[in-house]
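The structures come next, written out as structure tokens.
Below, chain A partners chain B and then partners chain C, in two separate complexes.
Our next item is the complex of A and B:
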């Protein structure tokens, strides 16, 4: 009788060991799944990137609270050459690695005299124009395609004309930033 | 003999419930990890998890507008800029407070 009880308790111990092993596997598997699900989705840095781009453009156009000398003449007229050499003057580079790839960036700058949106005096456009339409899509769809940031500020030229400067900067790069 | 069987059933039931609790807690954490994982966005600074301050930095666009505001002499233009700045602040477009930044920019210009 006593021997039987001893045998049964040994069997129970074995069963408990298997159970513990199973729990260990479940917990370990759960932790792996947790870490995987947390780190598998990429960080979305497009908004910051678009803001940095807009800031960089604003600093180039209006450094230190004065209109860039290459942008306007002393008489206050805008120079077309600034538009042509915008990327070089502002030290921007939208080049992508692939040969036939379009850039993942778009920048548009508008100068509105006296803040009147009907009086656009000058415009600079650079980058992939296709992204612009995607900014008008619904929230969810747009989120998966592009990040659009619109910034505005007032600037004055040397003749004290004031302009509302609107900067639209767009970053695509959905593959690298969205799951 | 009957007592021992009852004890065995009780012990098995304890382990069964413990297993269920472990699995439920794990599922909860996995779900939480996937939810937090999907909303990873870089952009807002937070001093701590419960901090209300979500910004640490500068607002270049506001400061540029204020520099322009102090540069021009025409009252009409100044009013135009100020109206827009107040409007933009009410729309939450600035990262800094308008009046505080105005004082700061004014002080910097007078230096």
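Our next item is the complex of A and C:
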């Protein structure tokens, strides 16, 4: 009687061990797949990059809480020369290895008098203009193309005019940051 | 007869436990080895360095911890002093025999990078970046 029970339980043990290994293989396979998919996707650093770019531009336009003296004249008018030499003045370089290719960056700065969005007084645009339209795409599509960061702050010039400064910075580099 | 069956049962259980342990050990080793591959380290070091350069101002010096990279470069027989190359607005990190991983930065500054050494002149796995005006 006891022997029969023993035999039955032994068969059951073997059966359980086969299933046990089958479960282990399935679990391990799942873990391997998840880990592989995690590590095969590149780190997406574009948002941080766009934040740094916007902050750098803001520091250049309004260093130490004062409007950059190369940007506005003592009478409060914006200088076109700042727009022309924006990249040099703000020590930016969007060209890699001096190659002629479309840059992976775009920066746009708008100055709105008294914060009124209809009264744009000055604008600076640099980089690849094609990226701007991609910022308006739906979340998923946009993520695969560009990262867009918008910053805004108020700035006063030497004549006490108040401007709303809106900075839009965009980073492409999708190949290196998106799977 | 009974003794034999008990012995068989014990061996089966031991084999079962050993196989389980081996299986789990392989899985743990696999998980531990992930994230230490040359390709993954190259991209993360290059991006980290490029972001730090972007955020830096002339006169700054910063250190990047590349201890894992030091081990990988030794395994792949790459001179650690040649792991990081800073070119015209890009950082290239090379930890294997292949070309490495290049990432661009937008800050228009001069950057020099060299491996740090401890008091006994041994490599400590840190890389030093110095930023100066162009």
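Following the convention adopted for this analysis, the second predicted complex is superposed on the first by the 140 of 179 C-alpha atoms of A that agree within 3 Å, B and C clash if a C-alpha of one lies under 4 Å from a C-alpha of the other, contacts with A are read in each partner's own complex, and residues count from 1 in each chain.
Here is the rule we use: contacts are C-beta pairs under 8 Å (C-beta built on N, C-alpha and C of every residue); 3 or more make two chains touch, one makes a residue touch a chain.
Since we're looking at a predicted model, the values are computed, not measured.
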Could you say whether A:52 touches chain B, chain C, both of them, or neither, answering first, second, both or neither? second
Report for A:105: first if it touches chain B alone, second if chain C alone, otherwise both or neither. second
Which holds for A:126: it touches chain B only (first), chain C only (second), both, or neither? neither
Determine, under the contact definition given at the top, whether A:134 touches first (chain B), second (chain C), both, or neither. neither
In the superposed arrangement, does A:35 touch chain B (first), chain C (second), both or neither? both
Scan A:87 for contacts with chain B and chain C and give back first, second, both or neither. second
I'd like to know which partner A:17 touches here: chain B for first, chain C for second, both or neither. second
In the overlaid three-chain picture, which partner chain does A:156 touch, first (chain B) or second (chain C), both, or neither? first
Do any residues of chain A touch both chain B and chain C, and if so, which are they? 35, 39, 42-43, 45, 48, 55
Under the definition above, what is the set of chain A residues touching chain B in their complex? 19, 23, 26-27, 30, 33-35, 37-45, 47-48, 55, 58-59, 62, 64-65, 114-115, 151-156, 160, 162, 164, 179
Which of the residues in chain A end up touching chain C in this complex? 6, 10, 13, 17, 20-21, 24, 28, 31-32, 35, 39, 42-43, 45, 48-49, 52-53, 55-56, 87-88, 91-98, 104-105, 173, 176
Can you check the complex and tell me which residues of chain C touch chain A? 5, 9, 12, 16, 19-20, 23, 27, 30-31, 34-35, 37, 40, 43-44, 47, 50-51, 54-55, 87-90, 103-104, 106-109, 133-134
As the complex stands, chain B meets chain A at residues 15, 19, 22-23, 26-27, 29-30, 33-34, 36-38, 40-43, 60-62, 64-65, 67-69, 71-74, 77, 80-81, 84, 88, 93
